[in-house]
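Listed below are the structures to be examined.
Two complexes are shown next, each including subunit A; its partner changes from subunit B in the first to subunit C in the second.
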Partner chain A sequence: MRFEKYFVPETRQECFALLEQYGDKAKVLAGGTDVIQLLKSGALKPEAVIDIRKVEGISETKITDQGLALGAMVRLRELSLNEALATDYPVIMEAAGHVSSMQIRSMATIGGNVCNASPSADAVQGLILMNATAVIESAGGNREIPIAQFFTGPGKTVLKKGELLVGFTIPKPSARTGAFYEKFSIRGDTDITIVGAGASVTLAEDGTVSGAVVSLASVAPTPLRMDAVEKMLVGKKLTPELIDQAAQAASKSVAPITDQRASAGYRVEMVYVWTKSALTKALERAIA
Partner chain B sequence: MSNRIDVALTINGRLHNLNVRPDLTLAETLRDELNLTGTKIGCDDSNCGVCTVLLDGMAVKSCAMLVGQADGREITTIEGLETGDGLHPLQQAFIDYFAVQCGFCTPGMILTAKAILDENPKATEEDIREGLHGNLCRCTGYVQIVEAIESVRDGKYGEARA
Partner chain C sequence: MNTLIGKGEKRIDAYDKVTGKGMFASDFFSRAAKMPQMRLLTSPHAHAKILRLDVSRAENMPGVIKIITSKEPGVDWDQFPKPAYLAQDRVIWAGQVIALVLAETREIAEEAIGAIEIEYEVYPHVLNYDEAMEPNPKAVVDPEYETRAAGFSDRPGDRASDRKSPNVVGAFKLNTGDVDRALKESDIVIEHNYFTGKKTANPLETATAVCEYSPDGTLTMTSNGAGVHGVIKQTLCRVLGLKQSKLRCIQPYQGGSFGSRLNPFIEVLTALMASRAKCGVACSYTRKESFTTGPSNWPCYTTVKLGAKKDGTIIANDFTLGEEIGACINNSFFSGRLSSSGVAPCYRFPNTRMDTFAVATNTVPAAEYRGLGCPETEFGIECVINELADGLGISPVEIRLKNILDPGDLNIYGEPIRSTGLKKCLQSVADAIGVDEKPVQDMGVWKKGRGCAVGGKQNTPLGRAEAKVWFNCDGTIELFTSVDEMGMGATTTMAQICANEMGVRMEDVKLTNSDTAITPYDNYSASSRATYTAGNAVIIACDDLKRKLKEEVAREFGMHPSKVEIQGTTAILKGAALESVSIPSLFKGWTPFSQNNWGLKIGSPVEGVGIFCPAPVQMWDKDGRSPRIWNWFQYSAAAIEVAVNEETGQVQVLRVASSSDTGNPINPDIIRGQTIGGVHMAIGFALNEEHLYDENGMISNANLSDYRLPTILDMPLKENVHDFINPDSLPDGPYGAKGMAESVTVPVAPAIQEAIYQAVGVRINGYPMTAERVLAAIKEKKQKEAAR
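Now for the complex of A and B:
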């Protein structure tokens, strides 16, 4: 590992000035769990590392009547253990809790999980299921983007030169909402997700679905939100038959790759199995 | 040549002011700059857990952390557990329960165990196993390790379980 300069900016202005000054020669470091491996392997050779842990106002978790505001630097372990989130945002806690081991979660941040842009990222799935919006800031101002549109490819995001992801806003879920994320891997949470499937359903008073999110991990170049499958559910009663049809539709519409963890065909099958399971469990939670 | 940085690390209660290259990991700093070789380096890619230390009381993997990230913080390494009264209860329990074979994973195991029990003195077997998820042992099969930790939880080594 070799780099020349290490900065720990404390104000956003300082941070933006460094991002501006070093451009492609700088690498942002949050928890470092992804970045440091890439620095060690030589895949990244920046001149400067910008450690953002002290940047003002990006490490807080705020719960209001409108919803949840999460700073990009909130550590995954803090998130997974924050009981104040258990009533309205349990899937955010659970998805963060599926990231590797206690040691990794103590360092890793929610912003890092998102900006690393791995299709297998687990904490990202909680944000997608809860309709999070990413808040991006730069010297020039700020912009917001729905989380599912943040990813442009493996390791690639919409972030432009000089921009920092500062956090997320998540609307408070309506009554009768339930969400669940399933991580499927060989060695439990320390292992990379082979297939992840999540579902969130909101029921109207008459019990029909008024809103749904279906999302998948590790089956495409980016985390995937399944708009077409969601449309199949809205306005209908979520019967076991409909859940089965939705899971089949999800399975038919993915084109995953074969890698050392699983074959494409196996992943396609598993999308059916785990989407069905996630929808069933989300429904149970919506009713409870 | 990298620009050096100043870092203040409180390690096992003692403040160390260091002027080091920024591209060192905390594990390298502990071992190579401070000669605290109780902290091991195994995989060096944050999987095996032998480099675990406590950072402000939390278990972290010191191979997956830059020295600058530890600036201003308190670190406990395996060398910091023994007191004037002798071994820490977890250290004694690991010996008594034969939770050690080659011993390479042991410092990381013990510090992770300390983090588990400090946070939850009533940790169940399942909690303990979940907490140890990021620590690999290629010798013991984990059974004795979990038993040793449970014995400390159950007060077999006195109240001072942490």
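Now for the complex of A and C:
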């Protein structure tokens, strides 16, 4: 593990200046649970490492009537244990809690889990299900984009030179909304997800679906939001038959790869099993 | 007097280990951080020709001390052929070492590896049994095929002309009774092919060696390898041409082995570098290297065909086995023979035909791994027996009780069974789990099922063990052994035997272990032999010490030694004026004014020595039979309840019972640890562990995230884990004890296989029985049922 410079900026302006100066030759370090591995293995050979732990104003969790604001540096363990989120944002807590072991969660951050851009990232799924927006800042200004559009490939994001992901805004969910994320792996949370399936369902007063998010992990180069499946649900009553059809549709529309964790065929089958389960549990929460 | 035998005495290494103060090889490695560090250039290809290897740029980097390749002169590779140690012109597996780089720091060594210029011509490779067994395979693994002298392996049943493929490197055949006739006379015959996965032992501590260099050329090797005398020192002396007096090998606590550290690969490379660079060298495998550089177990491919009469008596066994040994090209006495020993321990099998062989592939070389191929071999046999029981409508317990060997019976080789408590083991686990009863289905998509199986493992009667024991002037006892303390508690067992023999308390015995300059010879602690071989040596050493003490005491009092009895630190004198005397009181101080410095002197201990060698084996006849091929057999039975998820294929072990025939146990608490640990490990064998490969033939799951070792969450809750000891005394074992920790792993996978069948009606003919494989079988069954 070798690099020339190690910076610990304390203000955003300092940080933006460094990002501007080093560009591609810099790597941002948050919790380090992914980046340190890449530095050690030599997969990453940056000239400068920019440690953002001390940057002001990016480590807070703020709940308002409008919604939730999460700083990029919020640790996953802190997020998973934050009882203030339990009423409106339980799936954010649960998804963060599914990431690896307690030791890893104590170090890893929500912004890091997003910027690492792994298709199997569990905490990302909580953000997708809750319609989060990524807040990106740079010396030149700010921009916001929906989290599902943040990813462009494995390990790749929309971040441009000089930009820093500073946090997320999450709108307060409407009444009668329920969300659930299922992580499927062989050895529980310490294992990397073979298939992750998430569903968020908002019901109208008549009990039909007025809004839905269906999202999958580990079946494509990026986290996958299933627009077509969502459309199948809206305006309809979420019966077991409809859930089954939706799960089948999700299963049929994915084209995952075979890797050391599972074969493509098995992943396709598991998308059906776990999408069905996630929709069923999301519905239970929406009704409750 | 047996006051300590059969007692759960506290382990002598307990305080060291629970306080973290005990020194492991990795502690010596950490302390050696300022020593020159060695790293390895390894092959990224499973099979390739090295077209160009240029180390000059790397050698000239600041901080690089030395680089060694296979061109290094003065090394005798006879025992471990050079093409397997350090790749010459060809690499034959992905992960094979090509060059050793020594530098001032690990980082510099790793940078220098990146600066070595190497070009390959990639060859086709064979990664599994089927590919390797083609008559004209894509690759012939041994670079010296047809040019290597046969010699050692040229033995009955092993003729090159009979071999099915150029990658077959050893064979064993056995024929007893009339198998063809017995198959015809059988009321039921069941035959299946079985596979088992290629595994890595994964001890907590990876292979680690720290070699110090003295200006006179003496090397001091501190490593976590097994067998300081018999394996490490003798191999290093032979391969590197070192004088016996110029090499000292020390083994601190080993951070595990499970057999994987019986090959002194890292020791040879580290000592080679130290002797050439003339400085200390430290080297430790990364976790990835411990997968890819090796060793692995040897997976087995078996075809098992058993025939039985209506009442469950098994009369025919037609058995074929291919042992996949990876890039092991040294065709040894053992190749193709060891795994097949799993057919012998448990059952009568009056008519048996065995055709077994070893097959080389372009994968990491295989070596000893807990059970020595027996778990892999016996899996198929146990599965077929469960199927026979099912087919005949009798209980899986009953069919086994009908066929299990009793003491005095002859096994397939014609060896008499001297000790077996297997029937009692089976009964105890079957009762604990309720194997003959159906579980209540109350877990939704998770379906429950129960199964049982048995297993046995031979002890290989190799080499010898020695022990040395001192009676100090203050009455304390010092014991010197060279057993491998790889975590199993052998040092405690030795101290316990010694304390019992000498009639003292455990805390009065101090053990010094595994330092070739201090402790006496032992081959190694493998094949579950430490308790038996070294334990007998300790008893003999204590006998010798007591004899000498009697002589010394008798001399003091003008008596015949036979009138003296040693009871701890007291000597009982028969017929003398004094009835008893404290032995320490007889040790006298040294005086400059007297010639009389003979006899018991303060500071000079009385020493006893013991040597124990098991009886030799007898060469087998043309039918592969012999009255003594192995030594004794250890046994185990397991019964297991699982839950299988019908939708995902996941298998969860809910309840487990394991029982061992250990001979008379020396320390039941240590056995308990071995039993539960062994079951846990075998759950990993059964459900998850196997190497997977990428397109280059490199292991793609060479890390502890993707290679799914069982975690504690894979073990049932404590109240659902039952362990029993059902001993049958071994006549020549120390206090009737024998080894036990390998057979524990044998019956777990077949018991799980049967339990899965009872739960969801599918038989997985191989392991690991991964969720994917189980689900595929469930789907196949549903499709067949739908087609009907």
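Please note the rule applied: the second predicted complex is superposed on the first by the 288 of 288 C-alpha atoms of A that agree within 3 Å, B and C clash if a C-alpha of one lies under 4 Å from a C-alpha of the other, contacts with A are read in each partner's own complex, and residues count from 1 in each chain.
Here is the rule we go by: contacts are C-beta pairs under 8 Å (C-beta built on N, C-alpha and C of every residue); 3 or more make two chains touch, one makes a residue touch a chain.
For clarity, every value in this text was computed on a predicted model and none was experimentally measured.
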item: If touched residues of subunit A are counted for subunit B and for subunit C, the larger one; value: B
item: Partner chain in contact with A:188 - subunit B first, subunit C second, else both or neither; value: both
item: Touching partner for A:2 - first (subunit B), second (subunit C), both, neither; value: both
item: Partner chain in contact with A:49 - subunit B first, subunit C second, else both or neither; value: first
item: First (subunit B), second (subunit C), both or neither touched by A:273; value: second
item: Subunit B versus subunit C as contact partner of A:263, first or second or both or neither; value: second
item: Common ground on subunit A, meaning residues reached by subunit C in one complex and by subunit B in the other; value: 1-2, 188, 190
item: In the complex, subunit A residues that touch subunit B; value: 1-6, 8, 29, 32-33, 36-37, 39-40, 49, 51, 53, 77, 100-104, 106-107, 188-190
item: Subunit B - residues contacting subunit A, complex; value: 2-3, 5, 22-25, 44-47, 49, 52, 55, 58-61, 64-66, 68-69, 71, 112, 115-116, 130-131, 133-135
item: Interface residues, subunit A side, partner subunit C - complex; value: 1-2, 42, 184, 186-188, 190-192, 259-263, 266, 269-270, 273
item: In the complex, subunit C residues that touch subunit A; value: 107, 110, 114, 647-648, 650, 688, 692, 700-701, 705-706, 708, 711, 713-714, 770-772, 775
